[in-house]
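The structures come next, written out as structure tokens.
Shared between the two complexes below is subunit A, which pairs with subunit B and subunit C, respectively.
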Partner chain A sequence: MLSGLLLLPLLAIFILNLPFRGLMQKLSLVFGLFLSVWQITFVILLWMGRGGVDYWSKHFTLSLTCDSLTLVLLLSIGIVVLTTLLVSLQTFSSEKQRFGFVNLVLVAMMGMNGTVMLTDLFSLYVFIEITAVSSFILIAFQRDTNALEGALKYIILSASATIMMLLSISIMLLVVGDTSFAAAGKAINQSAGNPLVMPAIGLFVCGLLIKGGVVPFHGWLPAAYSAAPAAASVLLAGIATKTSGIYAIIRLATSVFANNESLNHILLIAGIISILVGAFAAMGQNDFKRMLAYSSISQVGYIVLALGCGTNLAIIGAVFHLFNHSIFKSLLFVNSAAVESQSGTTDMSKLGGLGAKMPVTNATSLIAFLSTAGVPPLAGFWSKLIIIIALWQNGLHTYAVIAIVASVLTLAYLLIMQRRVFFGIPNEEGQSVREAGFGIVLTESILALITIGVGVLFPWIFNSVVMPISSFLK
Partner chain B sequence: MTIDVLYLYFLIAIPLAGGVAAFIVPNRVKGVKEAIALAATAVTLWSAFSLFKQNLTLTGEWLSFGINFELRLYHFSAFILCAVAAFSFLFVLYSWSFMWNRPYKNQFYSYLLFTVAMTNGAVLADNLVLMLFFWEGLLLTLFGMIAIGRPGAFRTAIKALIIVGISDLCLMMGIGIAGYMAGTFTISKISLQVGGIGAIGFILMMIGAISKAGSLPFHTWIPDAAVDAPLPFMAFLPASLEKLLGIYLLARISLDMFKLAPESWLSTLLMAIGAVTILVAVMMALVQKDYKRLLSYHAISQVGYMVLGIGTCLPIGIVGGLFHMINHAMYKSCLFLTGGSVEKQTGTTDLAKLGGIWLKMPVTFVCFIIAAASISGVPPFNGFFSKELVYDASLERGTIFYLAAILGTFLTSASFLKLGHAAFLGRMNEENRNVKESSWAMLIPMIVIAAMCVVFGVWNYLPLDNLIKPILGEERLAGHHFGPNTMLITLTVIALIGAVLHHLFAVKVNGSGYKASDHIRHAPFFEGIYNKAENRVFDPYDIVLKVVQGVSRFGWWIDRGIDWIYNEFCVRVTTGTSFLIRAAHTGSYSMYVVWSLVGLLFVVLMLMKRF
Partner chain C sequence: MTINIILGVLLVLAAVWTVMTARVLRSVIGLAVTSVILTIIMFKLNSPLAAVFELSVCAGLISAIFISCISLTQRMTEEQAATRLKERFSMFWLLPVILVLAGVALYQLHLTPDLSLQQAAPTETDVRNILWNLRHLDILGQIIILIAGAFGVVALFKD
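The block that comes next holds the complex of A and B.
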């Protein structure tokens, strides 16, 4: 049934684009919602041991994997896609627009599902590109200058990434003759002296770092996130770039490059630079979504930093933080979507005092930002704690201290955001603002509850859910 | 539990309940508060007297860890209880008239009754922690009673709170040490040697005791309070109750808890504190120009005799010190009451404005004469006999202590000659022409106490044999003779005659009784010291305050520095970095691609270990 996660979105796209346009426009959202809910349910069932090999898998011989890392990612994808669709319900007025949007989201969903399940470098590249192509169009969805510029930046840097990855794959084919993870890993160990292998790895990793928006490969990210329509930025920031960039690095670092010391060093440095640059840049931003974009860079830095640490605990922390990040960053972007849809702007100098007008958005934003900053007992605190403990245990004291200090920076810029947007007295334009619609409020509440729930129940889920994540590390 | 044991609770509970009632009764209901206070103290007095000569103990669970609610009534505590109850009854009677039209009356009476309750508790307590509990309660009522005085008394109240609080802290630490060493907090089971850490424990507890009694250097709040606090407070706490309590505790720790030997250096230390207290305070008293302030310095000076007496560690000195304690409580409270009487009738206690009123206020004047003669040690009043015992013992320990004591007597009498002359005799001030004698409610307590001064003097064997000597017990007194020492009596009489002659001489030189001490005040050597003393240069409180101010100024600068680091430095660094990073994000496509390529270069080079 794993291949169903790839085939069903594809099938849905086909059905939606059959010539009953009028009916399909109405049904599109239902399809999307069904698929995302089904994916969440499926993952949960699989996690609890109720899934298994079935009819589908026997007839489609794609080599799919389904370990703990994949499951976490599939769950995150399901949740964020559901969120995106619920937000789109509120933010797109015309059915035609929404139809196009849902189609693109389904394409991206298929791409992401494929990315996390496939087990060879070339297929990985293909599905990353599927996600990317869908993302280009999602960013440019509104077709104004801003949107086109953001999309173009992404295309240009993404193209660079494509070149790097293709170059790398071709070198691999040349040297190894196979692109599956297992073969590549073996070959790298054996042909360590080959002067082509290391540049190949470097190229692939850099391609992924561009996709993941890690400093200094992040140039496209702030523009793309802030130019995208509200619902699309939830998808992009919440999961799309994490899947195509960060997941892939986790997968490669653990199962292909197998704790290469130099690579770990690179990841540590890239991570810490990302944390600091992202946080400092976020500090002075005037635009709500742009600030969140930089915050995203900073948080991704934590994941990469943990990855660079390389111990089992650190990787658990990285995956856990990835999941948490997909929840709280999606929530923050949903908040920004709510603010944007209600007040018509994301310029923080024009906002203010919305807290009284939008109580749910205010409260959930507070929870999300506290979780991002790593304030106990919310989910973000635990994942950061695991990462910092892992760093400390591994003797990386300087990195651990910088990571802690950067949490203070995170708190600072998000507090600035919260103050400028929600606290204080509303200005004249803000007087008429109301709480966002039901879809958004529901989404916000669900995401906030997940953040609180994971945080508060952490002592219980630590052994039953979080530690078993390490099972994908052979 | 017999009914008598319940009385022990009553002794604490009745004044406490009375205090609460006095606080609740509104001010506009005239006379009820006074009646409640009078009734409560009368019941306490009756209970105390009915329990006299009994031995009772009571143990109840309290805080566990060996800290139980233990009360013990035996001869010493019963004696102190009776004295406390008697004084508080008389002071309430006195206050009826004195406090009639004053503000904060409900607070005054409730603090007074709480004080009685706490004092009874502290005296009865047979557990050090329990005693400390009541002891600290006294600190609060002390603060409250000073604070309700004239406007501005709050500063003095704070001063008293801090000074007494610090000495109570010493007491607390001393209790900790004693309890640790003895393995129990039950006073009657503690018996420790003075040595090593025990000496520290003793000194700490001694500080608590003698500072409660008002000895140097913990005395400086008393003269301030004399001016600021309501007068009955002065007669009540610094003059009588605190002396009783402080000396009671001092006697307990140096006789029962620690076995202090006459030859030990701690004994000498105590005597030295006593001698210095006598002289320094009496020198200050001599030059005061205010009735109450002058008395307050004597209240400090006389503590010196008690500490000196107990410090000798000789039975005769201890008996003398304890006898002096009860005598002092009588004559000093009587003196304060005469001061209150004068203040109430003339509206002032400034000696410059008083004078010549002895015919207007004959009863007050006679009471003053008796009390002043007692404090000066004129035979046959009570002060003479207790001082003789202290002289005897101090002479045995060292001539220098005796000389300090006799010099103290000389100066005391000189200053009371001056006070009496300036306040009651001399030329009458025009404003005082219509002064009348005080009301009976104020006179009765004075007369009763003055009469007691005479009784305790003339029939001094009565209190000595019935009250004081049983405290030490037959065993310790065996082989000691308490008879009169002709040589000492002669020397005392010479000192007193000297004081009279000095006074006559001083009046002649300086022109009036009011200025009788001016030649000492302006003597070449003393002038500088007095000036500094009046500017509070020697006040430990002010010295410590200055040091604390210096420290806090230093701390303030450090705090500014830390604030600057957080509020300025960090913010500037952060905003500066933030600005630089944002400035680097120009939005240029080519720039971003270049960054990526440079990043790629670094990654590849690092992977190939070229770095």
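The block that comes next holds the complex of A and C.
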């Protein structure tokens, strides 16, 4: 059945691009929505131990794997793709444009699904590239100067990452003779003194840090997120960057480069710098989406920091924060899409007082920013708490304190955003603004409910959902 | 040994042609030829897995995406092509010389550092088996990248 997560979107693309273009353009969104809802349902059933495997596994034996980490990512991918498609319903006026967009989202979905189910370094690279190729087309989708500039920055840095990863894979082939995670992990453990192994690990991780937009490799991220169409920003910020960069680091740090102290130090430093640089840079932004992009860099820093800590609890915290961040960051980008579609701008100096005009967007934005800042009892609070406890228990007190202080910075810049966009009295342009359409309001409500639900129900889901995440750490 | 030298020389020539030629389509074909020669060298070095990666990604996939993109551009006039060629020669005239000298130096110095590699012997040499049984996911991935490339060309360059 896992192969269905790759083959069904592929089949959908083939069907959508058959003749009868007019009909297919109308159906494209339905196909996309069905596939994302099916993926969410399938993952939930699989988590509950009720997933069907028989038919598909008999006929399509692709070498895929599925553990707790994969399930969390597949669920996040399903939710964010659903969100992206619902937002596209509102933000693309032309059916033809939306058709092209849905096709690209399905390609990105296949890339991300493949990335999280693979157990081979080269295949991982191939599927990360699928996500990258579809991402830079999505960034450049509007074809204006900003979009092309954002896409170009992404292509250049992504190409550098690709070169690093391929070079690393070549070295692995040279040393190990195989590129599977298991063989690479075993060989790395046995070749501790080999002068080629550490550079190979370093190159691969650097490549993934570029893909993940972690400081100091974050140059492409703010331009790409802010230049992309609103719906594409949700996909990129919500899950695409996390899958191709951060998930891959989690997977390799735990399965291939296990217990590598040098790598852990690098991740700790990259994580803490990302948290601080992202938070300070977000404070100085005037554009809604650019500010959210820097906020993403900061929040991803928490995940990388937890990985650097390396204990089981820290890695559980990292995976949990990855899921939470994909939800509340998607929500914030949907809020920005709502504001952009109704007011025509994301420049915060031209906005103000939209809260009264857009009550659902205002309320959900408040929930998302409180969760991002780690305010109890919302989802973001619990994942940050787990990370900070893990850091403290591991003797990394300075890092824990900086992480807490950075949460206050997060609260500050998001409060500034909320005040400048939603609070106060609407200006002249704001008088005519109305609440966003049904697709966006529905998406905002679903994501806000997940953020509240995961937070409020945390005492119940801690043992049944959060702690079992560690089962992938063997 | 003779065939290895011929392959090495052909590799350098194809690479130089890729960089020097004025027409983008010829440059892409040059890149594909370079990859094919490199693939043959890898097979001869008993690395079928690396050879298959090189052949499928560089010679096949990348070329297909380049060519689909180039198909949407306008052809240069003869004058423009001649000017471009002159510019290339003025910029890169030293490149072939450096490549040949580097090749001779590497060959003469016998640079074979002892890296204590625990190199595993390749267990599979049949390309069909490597492509369809061992690396089928990569093939699927490359098909998807081709589709992405095609959508990219339509979304960004059409109209």
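Quick notes on this one:
As a working rule, the second predicted complex is superposed on the first by the 468 of 474 C-alpha atoms of A that agree within 3 Å, B and C clash if a C-alpha of one lies under 4 Å from a C-alpha of the other, contacts with A are read in each partner's own complex, and residues count from 1 in each chain.
In this text, a contact is a pair of C-beta atoms (placed from the backbone, for glycine too) under 8 Å apart; a residue touches a chain by one contact, two chains touch by 3 or more.
Keep in mind that what you see is a predicted model, and the values were worked out from it rather than measured.
By the document's definition of touching, of the two partners only subunit C reaches A:Arg143; subunit B does not.
Once the two complexes are laid over each other on the shared chain, residue contacts for A:Ile461 go to neither subunit B nor subunit C. Contacts of A:Ala363 after superposition on the shared chain: neither subunit B nor subunit C is touched.
Judged by the touch definition given at the top, the superposed model places A:Val37 against neither subunit B nor subunit C. When the two complexes are overlaid on their common chain A, residue A:Ser170 makes contact with subunit C while staying clear of subunit B. By the document's definition of touching, of the two partners only subunit B reaches A:Leu409; subunit C does not.
When the two complexes are laid over each other on chain A, subunit A has residues 195 in contact with both subunit B and subunit C.
Of all residues in subunit C, only 47, 49-50, 53, 57, 115-122, 135-138, 140-145, 147-149, 151-152, 154-156 touch subunit A in the complex they form.
Of all residues in subunit A, only 6, 10, 13, 62-64, 100, 103-104, 107, 110-111, 114, 118, 120, 122-123, 126-127, 129-130, 133-134, 136-137, 140-141, 143, 170, 173-179, 183, 187, 190-191, 193-196 touch subunit C in the complex they form. Of all residues in subunit A, those touching subunit B in their complex are 152-153, 156-157, 160, 164, 195, 198-199, 201-203, 205-206, 209-210, 216-217, 219-220, 222-223, 260, 262-263, 265-266, 270, 277, 280-281, 283-285, 409, 412. Subunit B contributes residues 574-575, 577-579, 581-582, 585, 587, 589, 591-593, 595-600, 602-604, 606-609 to its touches with subunit A in the complex.
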